[in-house]
Amino acid sequence: MNLSEHITFPHLLICIPLIAGLMVFFAGKDSVAKACALLAALLTLAVSISSLFYKDNANLNGTAYTYEWLKYLGSSFSVTLDGMGRLLTFLTAVAFPVIFIATYKNTYKSANAFYGLMLLTQAGLMGVFTANDAMLFYFFWELALVPVYFLCSRWGGERRIQATFKFFVYTFAGSLLMLTGIIFIYLHTSPTTNLAHEIVSDHSFSWQAFASARLEASDQNWLFWLFFIAFAIKMPIFPFHTWQPDAYEQSPAPATMVLSGIMVKMGLFGVIKWLLPVLPLASAKYSSIAIVLSVTGMIYASCIAIVQDSLKRLVAYSSIAHIGLMCAAVFSKSEIGMQGVMVQMFNHGINIIGLWIVIELIEKQLGVKKISELGGVAHKAPVLTILLVIIALANIALPLTNAFVGEFMMFTGLYHFNGWITAIAGLSIILAAVYTLNMIKNVFLGEANPVTSMIKDISLNEKLILIVVVLFIFVIGVYPQPMLDMAKDTVKVIMSKW
Amino acid sequence: MEIKWYIGLAVALFCIGIVGVLTRRNAIIIFMCMELMLNAVNLLLVAFSKMHALANAAAPQIAGDAQIFVFFIMVVAAAEVSVGLAIIVMLYRNTHSVDVNFLNRLKN
Amino acid sequence: MNAIIITAVWGIVMMFSGVFIKSKTMPKYLAIAGLLLAFVLNCSEQVSEKVLFEIDPHGMFEFSAFGYMFNNIAFICTLLFFLLNGRDIEKVGSNVSEYFALLFFILCGVSIATSFSNLLMLFISIEIMSIPLYILTGSDKRNLKSNEAALKYFLMGVFSTGIMLMGIAFIYGGNANASFSISQINFGSTGGIPVLLAIGMVLLFIAMCFKVSAAPFHFWVPDVYDGAPTVFTSFMATIVKTAAFVAFIRLFKTSFGSGSVQPQWQLLVVIVTVATLLFGNITAVFQQSVKRMLAYSSIAQAGFMLFALFAVSEQGTNRSSMAYEAVLIYSAAYCLAGIGIFAILIRMNDYTVDGFNGLAKKQPLLAVTALIFLLSLTGIPLTAGFTGKFYMLMAAMHNGHFIWLIILAVLCTAVSAYYYFRIIQAMFFKAPSETAIQVQDITFSFKLLLAITSLLIILVGLFPELLLQWLFR
Amino acid sequence: MNVTQILFWFLSLLAVGSAIMVIVNRNPVHSILWLIVVFFAISGHYVLLNAQFLAVVNIIVYAGAIMVLFLFVVMLMNLNAASEPPMKNNLMRAAAIVSGLALMLVIIAAVKNSEQVNLQQQVASGGSAGLIKELGRLLFTKYVIPFEISSVLFLSAMIGAVVIAKKDESIVADA
Amino acid sequence: MSKIFEYVWLIPVLPLAGFLINGLGRKSLSRTLSGFIGTAVILASFIISLFIFFEVKEHGGQNVQLFNFIDVAGLHIDFAFKLDALSSLFLLIITGIGSLIHLYSTAYMHDEAPKDFAKYFSYLNLFIFSMLLLVMGSNFVIMFMGWEGVGLCSYLLIGFWFKNNSYNKAANKAFIMNRIGDLGFLLALFWLIAKVHSVDFDVVFSEAALKSLSTTDITGITLLLFLGATGKSAQIPLYTWLPDAMAGPTPVSALIHAATMVTAGIYMIARSNLLFSLAPYTQGVITVIGLATALLAASIATRQNDIKKVLAYSTVSQLGFMFLALGTGNYIAAVFHVLTHAFFKALMFLGSGSVIHAMGGEQDIRKMGGLHKHMKITSITFLIGCLAISGIPMFSGFFSKDQILLGVFEKNGGMIYGVALFAALLTAYYMFRLYFTTFTGSFRGTDEQQHHLHESPAAMTVPLIILAVLSIIGGYVGIPESLGGHHELAAFLSPVVKPMIVAEPTTFRIEYLLIGLSTCLIIVSVLLAWVYFRFRKFDQEPTGFAKVLQEKWYVDEIYDAVIVKPLGAISRFFNNVIEKKGIDGFVNGIGKAVNYGSRQMRLLQSGSVGSYVLMMVLGILVLLIVQLFYKG
């Protein structure tokens, strides 16, 4: 038996955080826990980076692995790294060290539990993005949720318990609906066979089996909604979004970053990998409804963002708007749009984590959450301001930043679907400028008040992290092609199935 | 006699038992009404056994099954009575009442 | 057969041990030994089909892998129950060995319930499970709540026995084969259900619903579970209830017709399932006492288990083996988690949700295991509870009939998260109250056993097929 | 109308009438006595149906042992019409009677409606199945296991009586 | 391929490098050093641009491919530059005027702290970089990058003094207004991609010429592109940001809001002239909008008292003239006017900067007067600018404006020509109103200001002088044939920009007549201004129509009432009603309903055995009835 056949990139990506997470729980000192967590996250990042260069497509060794798990059910522990998986695991792998370093100075009560849960979340996310088996996917889907729930409820703001519980129940209800759908589809898959072509079980949970399940159009119709609602809640798409602003506002900063940077991508990932290819007829039928919902959400959330007086809520609503565009592009059934979504998933993660880091810095130093109580931060903290302005502008998709590439392609894709919808969705570009610039104006520019004149500029580690974020923004913004190439195979497969 | 009359009689006794359970508040009486219900069942079983025995003239001992069943019901009823009366007595010792309406510490 | 004999005999042994052994702790060890013996012999019978005494069952029993497996689950869970709660049983009253004897008799009833093939045996097994429970419910004699619960349980139990017997009588009358054997019920050739049989079966169905606490026949459950000594509530809510369920599904599968007859019961099952799910879940939301909340939640769990019946009543492909698997896994999951959470509850000083406040700070291990039990009850992946629900839904769902029912069930599960998570929130996110001791009697072995129980839950959650392997042999 | 039929009607009316008396009588002792009358009537039916053994057992076990036990408990508690709790309120009583009657009507209507049941199936006397010899053989061959197992039932009932009825040292009122 | 094209990437990269050096090193660089770096990189770009210009002039244009920007199925976008007559001309304008203004700024911004000074130059360099990207891009996407980039720099520079919140508001307004236009631009791109699967200029234009685009497509696309242009080039309805943008430092106004950025829209349309020529409807719209903007802005300018506001409205008005030319298909005249306007408007802005500098920051012309005595160079160069913009013969503006008016006359006839001419007269009137009020008469400011008055340093006056010279001679590249020239510019641009095609060209005689008429009328307007404003005292507030003009036709107020306020109201409605009460209320309502249900349902659990049994009996009844009597 060759050991290397059993240690593959997806394995490492899941197991390093998992094992490290469990170990960190037992770390005695807070500083040890912190350091271990950071180390593990960096190690994961290293693995992830090397997986990016490992492109041996003819031979799937190293990027795919299947282990018979529930034999009689036809479910296996099957993990692969396809293009989209690479992209999103890379995002996950980048995000965690960034988050850890950015919040390295924060001290959390019982840090071992905190960092342990963070790493478990990472393991869950990695699992979601690599799972090639519906059962496994659902497993990881929930596993990523539970630690985050604990993180938010334990270390969050004063209304944390209600807010995060709402988030939990909302998502949980959604995922249960999805579970119902998964089971139904499973019961309509072809039998699993082993290598000798003997039938092992009557049905199969593998993605391939799901994508070729024999489903009537009428069944697809209701199944679509089960899946869509689950994913729509996760993303979130209007009108399933109301858990989000509360949850972002009340969660501790690192959890918020994970939630908004990576977890919302689970929804999109789900739509792309587990909805469109599995239920192609219904997806085509209902795509217009999904797009209308998404676009409505874009405008709606952008408008609400304009009148928010809380920085966190503002970013939360802006995130709803951006995710809306991604969702609309996914359903627009165009290859360009899909490609755009791929890069944008990564970009949005990077950008919004950057935004949260800045917001966290301000809030931590000043203890102020309301925009109306801030102002003139730029005087005392020019570097912070500059970095924030760059990130914020990237967030509203200024050309030469990463988000422009994604949004441009997504809008192009959406235009293939319908011009008028695109025009309406485009209004969000303007609205995004309105709330972003107002935020910059009210928080950073103008005269400093007694509160904001206390602020200090950022320290080295925070600067370092934000510069990494900014580098990502510009490198991808100027030369996005490698990123686009990465997910090309997935897009091809998905588009061919749809 | 036709079987329908026996069914009618047994059901009537059974329902009288139910009405008794529902209307009375004395735990002992309620218990007695349940015994009445059991007896209705016994009667019905015996009647049916007879019916089956006559229908299967070739094997009339088929009726024995149901009568044994009745026997077991009586056995179980006896066991239940001993336990039930013990419980009632215990409660009476603690509350000096056998009124089931007083039993409302546990609710909602 | 071994299981029935050993449990019955050991019950008598326990009974006499009270006479000869004066030590209060000794009966526990004796009981554990007996349980191990029963487990081993049951396993050996399953593997080698050898019995201690060759007895011709005369069609009263029919042993199956399913029955053996459930016996094993029941014995293991009872073992855990004895290990975890042995000391608490000793505290209930002075008649320790009698309590153990009664528990063994109940197990005897459980073993019969998993293998009966005659309505008479069903009746006797239900009674053997019920009568000792009436007594155990009232065993805390000085507590008026316990008295009240015992009387309520008794009265309603006898009433349901009456209903059941009436049902059996009608079935007998309507059965042209004039037999009580569950597999020899003659439905005639019309494709419908003869009226006498129909009346009898509805009544029998209702009586069984009463035993598994399905709505609207569940009203005894909250009061009885609440009033009974917590340690016996634990046993009654888990092992006895699932055993009744096993009996129910055996009965439903074999004697409620087959082919086109079986689906005619579906509407009945659906009504009861919906009522049970709604009642259990919604009523549990408002409860302040954890014990009572768990009582309501056990109704909710029963609602989920009723899907096994629903699966059996589906026409067409062979759903019943799936339903059996589902019942097994669900039972194992529910029993383990139930016993675990009750074991913790027993040691709490305050049974309200607030009593759990800040438990994680004072007793982290207790809180973590409680977390696993609660997550399992909710049905979060990685725990057995999820696997159980998963198998259950899988069995129930085939061709999209009553898909709304399944969606209702999963939404109810989301509601259940609401009340289970209240305890989690209290344990982990709220500050402990300063006053007094929160928990008592937490020994190392208790913690160790809790940890083992949680590990078992996770093991079943990850590899349910270990359990099922016996069935597929 | 032959003798059997006359006896049937007589015993039936007696049983139903006495049963009603059981539930309407306010004095528990009288209720018990009326119940014994019901049991006698039912035993009469058993005789008519050639179940002589059951008829005897019914008298001995039910009317004799069980009812005496009831009587004993009632006497022990000194319950009489005066100490008897009143009937439940009118609404509850009406609901009880209506639902009881409805249940009876539903079952009878269902049975009556169906053509599948041969309602004219005769239930006449004759045959030997109900004799003690036949039943004894059955009980110790086919039904030996239930018979043995019912001993478990009795054991637990016995233990139960001991556990519950044994007087404890102290009795606390409402806990 | 000529060697020089291999270095073309240096043109944008040099300013970018300047931006990075000044931006990152702003804390350590001295004023001199950062000023030098900032100016030198632009100058270097200018020199390379010169080489390019002559290369293009000799050997024609060239596309320079750098790398694949986006390459996915169905869409291929190169990061490539297109160097042809049009872009090389703009390169010269941008880098040339850019270097002058950089030079000017080293003196003008001298009072800033070194840190801010470096920041200023880094922004300015970034702007040049973006502007270069805009004109050099070989496809619409690269152009759009520059397009938004210049918008960003404009935003940054308007809000340069960010302590003042009204400046910040002006900056936001500029950016948002631009974004509205940008949306139009983007939508046009999506439309293009959907139809021709490319954004490359060559591909798009050849496809359009091959009729693979329907008329609807072309009209739609061009209208959307024009919407983009109205944003960037401050046309109705998106012009209001430009006057507010005067909040930025004056050199910025000269560079961005007069000479270069605002002409991006004209560049874009001239670049796409092949497309626009195919869309007569769009051309009509452009004509109307251009004319209306020219007139409206000119009318407002006659009543403004802020020296920079006057110039701003004049810019808007002149841009209107350019669009008028574009609308008539007279692309060459438009580009010509861009060129001359860049010279004289930059000159006047820099001149006004010099005045403001001297006045210690005062911008209100009512407080000035008689400045000619104190700052002769400024005054004279400013006068040259005024003469040029008014279209006095022999100055550059005369040639370009005259060609625009002639084009209008040829294409749209006398009526439109009359209106356009009236706008031109207004131009002359308000420019000289400005000049006379500022430089002649007696000083109306405070004594302290008077004492402080001085001529600006050489770094400021040299650019003024250079620009003044250019303002005079700039027009000679485009002398029309009627005046004996060859119109070198038209010849140079001919490979890229189609000359105007008119069915019946006017005869030289009519041309002379028109030139004579306009010149006479312009001189009359100048005289009128001279009469009115030479010794004017500003002591009474205007009333009636004058008030409307001074308040800019209340356009800002109307926008506020029609767009900004409703948007706020809708947003608050969404937030307070739909979000909180509606959706969240519904979600929470489910929770509340469950809770309520729980409280009600537990009442069934009454504690009484009787009621439990009754429930059971009812349950039995229901199930029996369902099973026995319900035939579903």
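By written order: A, B, C, D and E. Residues from 1 in each chain.
The working rule: contacts are C-beta pairs under 8 Å (C-beta built on N, C-alpha and C of every residue); 3 or more make two chains touch, one makes a residue touch a chain.
As the structure is a computational prediction, the values presented were derived from the model and not from experiment.
*Asks:* If you apply the touch rule, which chains end up adjacent to both subunit B and subunit D?
*Replies:* Touching subunit B and subunit D alike, sorted by label: C, E.
*Asks:* What chain is the most remote from subunit A, judged by the mean position of CA atoms in each chain?
*Replies:* D
*Asks:* Of all the other chains, whose mean CA position lies farthest from subunit B?
*Replies:* Of all the other chains, the one whose centre lies farthest from subunit B is E.
*Asks:* Which pairing of chains gives the most C-beta pairs in contact?
*Replies:* B-D
*Asks:* Averaging the CA atoms per chain, pick out the one whose centre lands closest to the mean of every protein CA shown.
*Replies:* Answer for the innermost chain: A.
*Asks:* Please report how many Å separate the Cα centroid of subunit B from that of subunit E, as a whole number.
*Replies:* Centre-to-centre distance between subunit B and subunit E: 97 Å.
*Asks:* For subunit B and subunit C, what's the span in angstrom between their mean Cα positions?
*Replies:* The computed centroid separation for subunit B versus subunit C comes out at 26 Å.
*Asks:* Between subunit A and subunit B, what is the separation of their C-alpha centroids in Å?
*Replies:* Distance between chain centres, rounded to whole Å: 65 Å.
*Asks:* How many angstrom lie between the CA centroids of subunit D and subunit E, rounded to a whole number?
*Replies:* Result: the chain centres lie 101 Å from each other.
*Asks:* Specify, in ascending order, the residues of subunit D that touch 2 or more different other chains.
*Replies:* 88, 92, 95-96, 99-100, 103, 107, 110-111, 117, 143, 146, 150, 153, 156-157, 160, 164, 171, 173-174
*Asks:* At which residue positions does subunit E touch at least two other chains?
*Replies:* Residues 591, 602, 605, 607, 609-611, 613-614, 617-618, 620, 624, 628.
*Asks:* In subunit A, what residues contact two or more other chains?
*Replies:* Subunit A, residues with two or more chain partners: not present.
*Asks:* Chain pairs in touch?
*Replies:* All touching pairs, sorted by chain label, are A-C, A-E, B-C, B-D, B-E, C-D, C-E, D-E.
*Asks:* Within their complex, state which residues of subunit B touch subunit D.
*Replies:* Going through subunit B, the ones touching subunit D are 1-9, 11-20, 22-26, 28-29, 31-33, 35-36, 39, 42-43, 46-47, 49-51, 53-55, 60-65, 67-68, 70-72, 74-83, 85-90, 92-94, 97-99, 101, 105.
*Asks:* Please name which positions on subunit E make contact with subunit C in the complex.
*Replies:* So the residues of subunit E touching subunit C come out as 591, 594-595, 597-599, 601-602, 604-605, 607, 609, 611-613, 615-616, 618-620, 622-624, 626-628, 630, 632.
*Asks:* Could you please specify the touching residues of subunit E with respect to subunit D in the complex?
*Replies:* 610-611, 614, 617-618, 620-621, 624-625, 628-629
*Asks:* What does subunit B use to touch subunit E in their complex?
*Replies:* That would be residues 18, 21-22, 25, 30, 100-101, 103-108 of subunit B.
*Asks:* Taking the touch rule as given, give the residues of subunit C at its contact with subunit B in the complex, in rising order.
*Replies:* 120, 123-124, 127, 131, 134-135, 138, 141-142, 144-145, 147-152, 154-155, 158-159, 161-162, 165-166, 168-170, 172-173, 176, 178-180, 222-223, 226-227
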